[in-house]
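The structure follows.
We just call them A, B, C and D in the order they show up, numbering each chain from 1.
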Amino acid sequence: MQTLLDFIQNNIELFYVVILSVFLGIEVISRVPSVLHTPLMSGANAIHGVIIIGSIIVMGEASPDNYLVLTLGFIAVIVGTLNVVGGFVVTDRMLEMFKTGKKGASKQIKEN
Amino acid sequence: MQTLLDFIQNNIELFYVVILSVFLGIEVISRVPSVLHTPLMSGANAIHGVIIIGSIIVMGEASPDNYLVLTLGFIAVIVGTLNVVGGFVVTDRMLEMFKTGKKGASKQIKEN
Amino acid sequence: MQTNILSICYLIGSVSFIIGLKMLSNPATARRGNLVSAAGMGIAIFGTLFLYQPAGTQFNNYGWIVGAMIIGTLIGAISARKVKMTAMPEMVSIFNGMGGLCAALISIVEFGRIAQDNADMHVLSILAGMIIGSVSFAGSMIAYGKLSGKIKDHAFPGQHIFNLVVLFVIVLLGALIILGDNASSIFIFGGILILSLSYGVLFVLPIGGADMPVVISLLNSFTGIATACAGFLYNNPVMLTGGILVGSAGAILTILMCKAMNRSLKNVLIGSFGGAKAASGAAVGEQGNYREISLSDAAMVMAYAHKVIIVPGYGLAVAQAQHTCHELEKSLRKNGVEVKYAIHPVAGRMPGHMNVLLAEADVSYDDLLELEPANEEFGSADVVLILGANDVVNPAAENDPSSPIYGMPVLQVWKAKTVIINKRSMRPGYAGIDNQLFFQPNSSMLFGDAKDVLQQLINQVKDI
Amino acid sequence: MQTNILSICYLIGSVSFIIGLKMLSNPATARRGNLVSAAGMGIAIFGTLFLYQPAGTQFNNYGWIVGAMIIGTLIGAISARKVKMTAMPEMVSIFNGMGGLCAALISIVEFGRIAQDNADMHVLSILAGMIIGSVSFAGSMIAYGKLSGKIKDHAFPGQHIFNLVVLFVIVLLGALIILGDNASSIFIFGGILILSLSYGVLFVLPIGGADMPVVISLLNSFTGIATACAGFLYNNPVMLTGGILVGSAGAILTILMCKAMNRSLKNVLIGSFGGAKAASGAAVGEQGNYREISLSDAAMVMAYAHKVIIVPGYGLAVAQAQHTCHELEKSLRKNGVEVKYAIHPVAGRMPGHMNVLLAEADVSYDDLLELEPANEEFGSADVVLILGANDVVNPAAENDPSSPIYGMPVLQVWKAKTVIINKRSMRPGYAGIDNQLFFQPNSSMLFGDAKDVLQQLINQVKDI
């Protein structure tokens, strides 16, 4: 219990960041028209590709002769990049199809 | 410049808290029906009464013979309490009038 | 341990503010939302009182603190309970000013403490808190004065430039404190304090009294920011989040309020129309012919109607005729007439003004129609009785693109068979523009103070 | 200095994620929103690459990192560009799995590094990141397999209980690592890894293939949380905020997707109807009489109509008949017929499925009607042609409170003069329920695979 409390105390600002982000995520999304559900899922999917930063740090901090870590890190960077690049490109392609949708789009804007 | 950067660096989490709160404040409010503008203003007004915590800290840390600080702090605690208590009570009274407003209320809920 | 628990109290406080604000923005949950925020506030305050540990020293002056809190609670609760419904915006303005004052006082004390060391950025928080708090305090007091009619609009030529200069000097002096030596800084600080208070006064003084709700909302946002500055200073997260939340929510709310009146914030602050200027300037435009109706005729028409819709406006509030209006409603009902009220969202001088006013007179909430349902019902009404409303029933908003209120949704009273308009003269309302409604064939004017006219109508109806 | 600038890069990244998500949720700004997030991501990634300073050592292995990034970029960009529109959900599922894998790999490496010291809470972040990342990775791969038809639904009796037990063992072993000694922990860690991967498989395997979009959205949220765990571990704010934002937005999105289908999340995960079960179970209910229409009659009716509205559904996607459908539209237009498409928001198997499908066949966006405008236009249509849609045109949603889809808004095709329904049999659709529409007097069935039927209709229309 004491450890947990201390942990919270030492990272209290992080906890605020977490809680505020949770609320923000909910608020930002909660009125999206259903036709955007799939692109939004895909866009959010690209955003969690930010995990790649962790893999870059892992690689950057690994000593150049630690082959196990290097291999794991190498794979991690590849799949992380896949997540980021693939995610954004797929989302963009999905949204491309809505570009001429003035009628539908403007209607839905009013609804918001 | 360097000082500013260092300052940001040392308080980076606070900056996150600030920025996230700004967005959250905007998101939370941006679809309120106009009949609630006044109570909402009043409710928000009560919330910034949290400034009273600052005045309590000022008083708590003042040495009991520093009369200047004690006087200023005393006034600060009074006006802070006024802000908090008065704010919440006035808001509650305003909202009391909406309690029977089932018809109007449910309509506006659907709009959100 | 103590500090740990305090941190959690603060976390709870912050979360409750977020949830409270969220709930406040929905009619169905608003009241509970207010209680949620209040509960969170209580946890944060009592947490501080019992668990806060100052670095080095111990926590002193419990007696004074609790005493001050009791005094504040008594004054706050009693005045908030006693205030008349219609005077609530004034009350909010005062409470907002108190928050600003509190922030300014804290900054003053902390400046005295910290002036010795030179913690740059802390001085910045202190200065910002003091300046913004003072502006908010002084501004709120003026806004209160205006709302309660104690202070009139004042402006002198070039005041906007002058205000900007004052603001500039404040910033300049602030920079001097941060960059300069410490010897003279206490005097400069005093100077800034005085200038900030003056700025608050100068800022609000020229703005039309009717725009005070918007100004209060803006000052509310300012106080939020001042609170956040203090939060930064003490590294206190609940003050920080609470303050910033109110700061940003208040700013958005200010913009929404302006939008609801179809105006921009700049327009309100610099005042291209409205308030004093309009009343004097655009008084009499080109006029058509209007019909007058006698009291007895008006009473007759209404007493024999099937459905009467009453449109209350600012004039009803001015005349404090809400109770008399409710009386008329009751006598009409006795005659078998169906009576409803059409409430425009910005009728009056604050959002919800008419709801507050009529609630005070115990008018049933179920008889109130909002804008859209009202516009659907006017077609089936025999008589629309307009009591001191003007802009909110102006057809120009729909058909005259050059009108300053063009685009604002209005109550389409002209759809009714007969429209009876009660006001004291042909003078325009808040927006300072003419109203073609008065000259339409199915409209007729019933001049006089709303309260007098209503009283006489009641008597006539009873005689029928 | 470097670290300072990196912090600001991260701040920019976080803000761009927030703004990007916000813009993504509005059709008018969605595409730019995606670019905003991408730009912020770029700043955060390159900032890390050039400005990150590890404590103690220096930044190594640039070559490997850049190499890996180039490989990832090439594979990612090419596969994302090449994938067919209709296979996009599969693609999203794979990319999501990659994110989960990345999180799991990071946790594995960091566990090896930190196992020496015993920084309790860091171990917690590592474990959580590994478990959630692995579940997300394995689950996404299965979801991909199901969407692409490579994997069928599998479930054994009591699987839900079994899954819960696996989850419980994972938590137990995790607690053992945190509380226990360090000697054996590496083996326990390996055990948890394997169990987590299995859990991911077991979790997704029994869920109906049609529910995969919801599952992917949920796993998406999981990966967000795994990312946030890594953010906690490295005290890296952009990973933390990005991860949490996606975690909470993904969770809400999952719920919204369920709501759009009028189901609960629990219902989707435990699967009370839908998917395999429904197809076998509720196949033939009590039936009325339905009429069949011949191909030539159908072609005739449409060719001589003024207005034809086409309602595409899941069957059109199964038959990959979008191009043929566009052909029919063109030949009808040549005959002077006005042709429109009515798009139900949850027609098909992912939100926007029909939009994607028809866009692939170059159907003009202006001819697509959304639910409400479509329901207004059906009354004036001579013919409604339903292509492989079923639940979205089921009147039970409006008039049968006992129906599982009761309350879902549907396309009111029955308002049209004639309704022609193309499907292969009288079997029910996704919800596994009968459709009274087929038995209404103005409905007639046109059995056959959508692509074949459309091709023959085109031929017939040309002959007229």
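Here is the rule we go by: a contact is a pair of C-beta atoms (placed from the backbone, for glycine too) under 8 Å apart; a residue touches a chain by one contact, two chains touch by 3 or more.
If you're wondering where the values come from, they're calculated on a predicted model, not measured in any experiment.
Asks: So which chain is farthest from chain D, going by the mean of the CA atoms in each chain?
Replies: Greatest centre separation from chain D goes to chain C.
Asks: In whole angstrom, how far does the Cα centroid of chain C sit from the Cα centroid of chain D?
Replies: The separation of the two C-alpha centroids amounts to 46 Å.
Asks: Go ahead and note the Å separation of the Cα centroids belonging to chain A and chain B.
Replies: So the centroids are 31 Å from each other.
Asks: Between chain A and chain C, what is the gap in Å from one C-alpha centre to the other?
Replies: 41
Asks: Multi-chain contacts in chain D: which residues touch at least two other chains?
Replies: Correct list: 18, 22, 237, 241.
Asks: Enumerate the residues of chain A that touch no fewer than two other chains.
Replies: 13-14, 16-17, 20-21, 23-24, 27-28, 31
Asks: Pull out all the chain pairs that touch, please.
Replies: Inter-chain contacts occur between A-B, A-C, A-D, B-C, B-D.
Asks: Along chain B, where are the residues that touch chain D in the complex?
Replies: Chain B reaches chain D through residues 2, 5-6, 8-9, 12-13, 15-16, 19-20, 23, 27.
Asks: Quick check: in the complex, which residue numbers of chain A touch chain B?
Replies: Residues 13-14, 16-17, 20-21, 23-24, 27-28, 31 of chain A touch chain B in their complex.
Asks: Provide the residue numbers of chain C that touch chain A in the complex, in ascending order.
Replies: 1, 3-5, 7-8, 11, 14-15, 18, 22, 237, 241
Asks: Within their complex, state which residues of chain C touch chain B.
Replies: 13, 17-18, 20-22, 24-28, 30-31, 33-35, 37-38, 41, 44-45, 48-49, 52, 54, 57, 59-61, 64-65, 67-69, 71-73, 75-77, 79-81, 83, 85, 88-89, 91-92, 94-96, 98-99, 101-103, 105-106, 108-110, 112, 120-121, 213, 216-217, 220, 223-224, 226-228, 230-253, 256-257, 260, 345-346, 350-353, 355-356, 359, 364-366, 368, 370
Asks: Touching chain D in the complex: which residues of chain A?
Replies: My answer: residues 3, 7, 11, 14, 17-18, 21-26, 28-64, 68-70, 72-101, 103-109, 112.
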